[in-house]
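Scrolling down, you'll hit the structures one after another.
After this come two complexes, each holding chain A, first together with chain B and then together with chain C.
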Partner chain A sequence: MPTARDAASTAEFFDPLAHVPNGAALRGARDAGDIRAVLAATGALTTHDDVVATLWAVAGHATVDPRFTAAIDAADDGTPLARTLRAVRYVTVGWAIRSRFRAEHVSAGQFEQFHDWLRRAERVLFDVCSEHPGYVPAWEARITTARGLELGSGEARRRFDRLAALDPQVFAAQRAYLQQILPKWSGSWEEASRFVEECTAGAAPGSLGPLLAVDLAVERWLDGERIVPPAMLDRVRQAAMSSVWHPEHPRTVATATAHANLALLFTVAQQYADAAPHFEALGDAPVEGMWGYHPGEPAVNFRTHRDLAAKAAAKAAGRRGPGARA
Partner chain B sequence: MTAAFPNLADFPGITAAEADGVPVLLAPRTGNTAGGIIFRVGSAHETLATSGITHLIEHLALRDQVLSDAHLNGHTHADVTVFHVAGSTSDVVAYLNDVCAALRELPVDLIETEKDILRSEAEGRSTGFGGRMRINRHGARGFGLAGYGERGLDRITADEVLGWSATRFTRENALAWISADALPEGLDLRLPTAGRRPPPVLTNVLPDTPAYLTGLQDGVAFDTVVPRGYTAQIASRVLREVLHRDLRGNADIAGTLDVGYEILDDDLARVSVTVQAAEDRPDAAVGGLADALGGLRFHVAPDDLAAARAEALDEIAAVASAPPADLLPALAHRVISGRPLVGPVQARAKIEQVTADDVRAMAREMWSGALWFGPGVMDWAGIAPAPVWSQERGRGRTFRRKDAPDVALVLAAEGVSLVTPDGAVTVRFDDCVLLECVPDGARVLTGADGFRIVIEPTLYEALGVWDVVQHVDPRVSASVTVQLPARDPGDIPVAEPPPPTATGARGRWGLWGGDRSGGPVSVMATVVLVAALWVVGIVVLGGGQLLLSELLDFELRLGLLPVLALVWASIGLVRQRHGKSDR
Partner chain C sequence: MSLSTDRGLRAMFAYRPGRMTAGLVFRVGYADETLPTSGITALALALALRSVERPGLDLAASVGPTVTEVRVSGSEDRVRATLRGLSDALAGLPVRHRGTEARALRERTADVVALPPWRFGLQGYGLGPGQYVGLHRVTDDELRAWARRWFVGSNTVVWSTGESTPDLDLALPDGSGPDLPAPPADGLAPHLPAEAPAGGSKVIWDAVVPDVPALGVLAEVARRAVFQNLRHDRGWTYDVYALVGVLDGQRAMLQIAAGLRQETAAAATGEFLDTWGRLRYAVDQNVLETARAHLLMAFDEPHQDAMWLSDDAVRTLLGRPAVSPAQRRTAIENVTEADVVALARQAWDSGLLVTPVGSGWAGTSFVPRGAGEPVAGRAFERLDADATIVVGNEGATLRDGRTRTTVRFDATAALLAYPDGGRLLIGLDGARVPLEPTLHGDLDVPAVVRLVDQHVPSGRTIPVPRPEAPGRPDRVRVQKVRKARAEREAGEGGLRGTSRRLVADAGSVGAVVGIFLALLAAISGVLASMAALLLWSLAWLDGPQDWQFPAIMVPVGLICAGVTWLCYRGLRRLRQ
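Presenting the complex of A and B:
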């Protein structure tokens, strides 16, 4: 998600790289501007969700610093990974300019620059996908460039389908395409619901597909549906059981994002006891997920609600007696 | 000199003879007899001011054909004109003799009748998106003329018809064929002699490619000019395989798709691809087509190459096993075009030699030469917009457009410009390939590069009809000037149209704004509507003031505002009903 945030406190507090294998080394390399080391470490990752999340996390660093962009450009060794990092960097820089306002609040000048960066990104990605049509991270980024450049949801869907044909379980790609078909971009709640159903039905055992429902529920909440329907909460509880709590669930950085979003949804639904295990699962390494949607400073919110959830869980555990688990 | 005699060694059963200086290809067949004659002249040899002249001659040459039971016809193509017939041997002889006799002495008294027939044939026929692509690539010349109707019909004279016929429909420019083992008795193919003509000139007005045009609603197309040959043919077939898989087999993106290959001259061919999108998916068709061609620059799947080769080899096999007489029309086209004849054995070898590397290299050529036409911009794929403005702008007397003061018409010594804040369109007088005139003083100039300027004197401040007529008419060659009949007065634009969105781009050929929807708008109805607006307006606005002061004990002092609102609404109404449509 190109929800680039430059607030240092947020960047330090939320750290998706903490959930990536060898994340500390990656963070160190990124902070030192050693992009070759970043690429070497990213190239060693084995799941598409980890690679994709790392690309966005690195590219979203210091979006106002042209030297970091230059460093990423300079490290382009012609590999699809390095080229995709460049492209994702252009997207995050552009998206930072656009800021996170909805389209009607963005000035014409911002839009021009935003589109300019996205076009630069798309040209790189077009060539990468031409030359390496099996390279999933480039297709993932193209779902977002299609949205930003307003190429149409048919085109975004085509890109998602190309990616899904290579790997049907990339949660980041499902989340990226869901954005396209939300009413705030060019879709509708019905279309978005259908896609959530599709991802749920097509999910491999233990995979994150069913949790796309959380994204949808949070989006509806953001859109003004202040009471999350109980049926939706039940559905999400079930989705969590069949994904992040499933014994065969393959952990990736997307797992952490899913926990963060589950915690957010249960928080806004004021189901703190339900939120608690998801906060806990993140341990000392929170990730932002959709917490930026919550009014106020995301890190502060996250901390505050994590505490509330812990208290609510303790209270519930007290009622149920030791050993009980939600 | 006649059309070079072909080497027919690779085509057993076919021989060549000569009748009255015209080469004749011969091959016997069972059943009835087929024959024809082909000339190396077509619509792409014309100019915009003479466009339609070849077609007109084709019609005149067939004017007196009354043959029982014989199937006969004529066709005017971009590069050649063909007359053909099937029937008894004597039918064929009579037909060919009559065609040549008519071409020696055209029935010029029938010109006006035939022009009317051609005009009604053209009615309802649109040059479509393909026409716009031709104009944007080739300009208003050569192969670009396919983007216009037969505009020359309105001015072509009998002398021009005779001159064109005497220099193009000649024995050096002709080749005949008959499905017989020897020249039949009584053949008389005497034709004028005036030397052999070259193929149409391949013009190009696209400064940079790849380029794109926007505005195609329900799909996407591109065409590209590449070195002709078996590699281009195989690459086109490979592309079709990829598109069938990416846009149809694995996805429901394309309704129909078409890949065409057209030889343009000795060196170049046009490959064109059209994808009609499945419902609601033109955006995906654009992306899918761009990715398909983009991908071919790097990867050619062995299965796709094998399928493309197999398909081409099947066609060669069909040629090899066909009765020789069936090949005569195609061979005649090749011979008259001056292209070498490649026999099946040689063709098979050449097809088998095309490698995946060759196809990849050809895909790069296709990409870099492409002109795209889709619903929206394609700059995201590194494709530049096709030019919508001329390089030059004239300096001279300037007239502002009444409804859009930032748009001006410039009458300069060397040409005419339409200047807007975004750019200018210029047609130089010495480069003008068609000047269309109507008696009310309006003029349309088309430049060789395909840019067009419409001058409607009523739309510009201080521009008199005589300013236009005296400035433009004497500076443009009479040989490209056409005088059209008077327009319906209702088609002359009024001075208060809504702001135009026109950019002056190439290919906006809706002459005189004739595509205004909904038919003529009655002035009387407008007067009635405006009156009704005022009656209702005074009641509502005036009543509203009274109502508010009654209910709220509040006197609303709108003063002249309601009246101004009504004036504004009336102007809007008149503009909406009588404004000039987009041209």
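Presenting the complex of A and C:
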């Protein structure tokens, strides 16, 4: 389990806000506890994936610090955005208590607190969705509260469908619902595969839907399937071409998450040359994505494998000859 | 419409051509009962109806929380004969068929979703169908006394519709008693909205709100919204309803519900709540106008006075001012969207949710029961579960896992007493603490009598039959529970618990070693005595031997064999 210090260094190394328009200002406001400025900057974002990622990134900051929760509560001006931030904060605080253990390793006391926080969050989100049924970020958070409160995959799906009816291409929502239907949360691999197919088939040109296959592949690897099937790798390469590498792809913070996850999958499949362009796409601003799943300290892993990937890519380029185009 | 009073009995009449319909409305209902008398109103009415019912008679009756109604239609003679017969029966209640009628009442209401107790506790408005346990205790004298107290002229309105005012001349007892106002419909449940795990296969939202004209409109709007989303758009339910029920005249109950199918129950519950919760913020103007038009259709029917007469009778009994049909119509016409939205908020804020799936919907929690301060007293551990019951002078507390359920003797609704000595202590809030001698190693029937029975007033003790006490758990189960208890205590108690467990473990290891050594010694003893006897027998070849030797060795061998057997049994028991 990562210690608080590890978590701090991880949080500094991985920074999803770096990929959000005006991210530096957002980070500054968050670190200074200036939630009103955070809300103002978040309110100016135009894509749902950016808003959602910003809410989770801000809410997930210093989860053990009650003063930060109080600051978020105090900044609630009644707007759906401020209320959703409050709710997402409650979810992250609750989830930090539950920690990353699987359900069978969480004590009864931890579960009680976890559910208490999720109920607080759900109360807020329920009211936001009642008053503003078209507010996508609140529906996105409700997919996760449905999972934590164990309301059933039918309910999580309904929430996802309500959101998809408003905006069918919110990658964060697709990823959140996929968690619900994985075997670790009462679903099955078949159900998860069907959903991945569905998102792939329904994806707009250049959108991230096809890359849900990466989440699924990493989850299977985490579950013990240590060799990623070559067919899956081919499929993922193809999915990358039709999404993050597609000329019409709209860049959001979800793009960065997708690159991080692609890099992780190719890393665990030991296809470093394939991982390299995704590491490169992140540049100096890595995001964590699913790197927390990799055994060891995520930031160290990320750096190590990024270097390995860079060497492998250089070697591959060398093999193609100095005149070949990278 | 005409209103007259005859010896305290109020009579209302409205003209309507055709056959006569008449009814008796009494200001009594289950909210006037207590758990030890629960069902007494329904039983008294059932016994009285039994004496007037005939095949083909168009007769209906109901017991509500505060009002009991009987309605009969037919020729004037038939109606008059029925209501007179009923009045006579109520004045001198025939109790001969008490057992049969009581059983029928209990059986008919056995599968009712017991929602009201979660709001009101097991008292007043929380009683009613499904809570007729008091019928096990109610005596003939109590039944007659109940009828004489409540079914009196001054507490009754008789209404009739037909072509002429009938000469009913009912012989209800003296109609000059004091007014018996309805008890206030105050709920116990704090922190609403909340969830009530009342079971069933429906999702229900139950609320208590002011009894205002907007309520009927809200119910109709909610019914239509839920029908549209759950039935029409998604097909997740077959039956949607919205009911308004009379409580104390000031407040009314609103219940919105939809039946669920197992495979879509979670999604349907979520959609139901989102649809209903939305009405707190906005009501579709079209839906509102359609709902209003639907409600106003009733006012286009002829003979309006006759149509609303039974409702007027109920209003009169509950002390509410009379309203004319025109006033009712105007009130519905004047309901605005803001009225409906404001009332929906009140209905939300006073709501109880029942659903068979999940918990935490809309961030709600279960209504707490037995949440008072745990009592101090003697502790009795359960053999069949990691649970303990503490009984003191103030009450009893059940500790089961992390939950504590306390029932104080001064807040006891009833104590169910089973013939085998088992007891169930029920709090006014509905909390239950079972005291079952067969499920404890150290609690016997005399102890239960001494610790519990003596603290509960005899009027609250209900003898309830049951075929047998819960079976004593087998040894495997007891061992498993003991282990689970030790593990939990070790987890909770930290170092102290761990050391206690270590001591316990060391004790059991010591016992095993001790028994094993004794077993070895005993086997050696058996073998040695057998060998000695063999040698003694061989020695006979050399001539006669002393008989004293086998006289000692045979009993020694037998004792050793006995010890071996005991040690073997002991080891087997420890292994379990």
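Keep in mind that, in the parts below, the second predicted complex is superposed on the first by the 315 of 326 C-alpha atoms of A that agree within 3 Å, B and C clash if a C-alpha of one lies under 4 Å from a C-alpha of the other, contacts with A are read in each partner's own complex, and residues count from 1 in each chain.
Please note the rule applied: contacts are C-beta pairs under 8 Å (C-beta built on N, C-alpha and C of every residue); 3 or more make two chains touch, one makes a residue touch a chain.
Computed from a predicted structure; not experimentally measured.
Novice: Clash or fit: chain B and chain C on chain A?
Specialist: Result for chain B and chain C: clash.
Novice: Per the contact definition in the header, classify A:Gly152: touching chain B only (first), chain C only (second), both, or neither.
Specialist: So A:Gly152 meets both chain B and chain C here.
Novice: Once the shared chain is lined up, is A:Ala165 touching chain B (first), chain C (second), both, or neither of them?
Specialist: first
Novice: Tell me the contact category for A:Pro205 with respect to chain B and chain C: first, second, both or neither.
Specialist: neither
Novice: Which partner does A:Glu112 contact after superposing on A: first (chain B), second (chain C), both, neither?
Specialist: second
Novice: Is A:Cys129 touching the first partner chain B, the second partner chain C, both, or neither of them?
Specialist: A:Cys129: touches chain B and chain C.
Novice: Examine A:Pro229 and indicate which partner it touches, taking first as chain B and second as chain C; both and neither are also allowed.
Specialist: Neither partner.
Novice: Looking only at chain A, is it chain B or chain C that touches more of its residues?
Specialist: Larger number of chain A residues touched: C.
Novice: List the residues of chain A that touch chain B in one complex and chain C in the other.
Specialist: Common to the two interfaces on chain A: residues 118-119, 122-123, 126-127, 129-131, 133, 146, 149, 151-155, 157-159, 162.
Novice: In the complex of these two chains, what residues of chain A are touching chain B?
Specialist: Residues of chain A touching chain B: 118-119, 122-123, 126-127, 129-131, 133, 145-146, 149, 151-155, 157-159, 161-162, 165.
Novice: Under the stated contact criterion, what part of chain C meets chain A in this complex?
Specialist: Result: residues 263-267, 269-271, 273-274, 277-278, 280-281, 357-365, 401-402, 491 of chain C touch chain A.
Novice: Report the residues of chain A in contact with chain C in the complex, numbered from low to high.
Specialist: 107-109, 112, 115, 118-127, 129-131, 133, 146, 149-155, 157-159, 162
Novice: Flag every residue of chain B that touches chain A in the complex, lowest number first.
Specialist: 250-251, 253, 280-284, 286-288, 290-291, 294-295, 297-299, 376, 379-382
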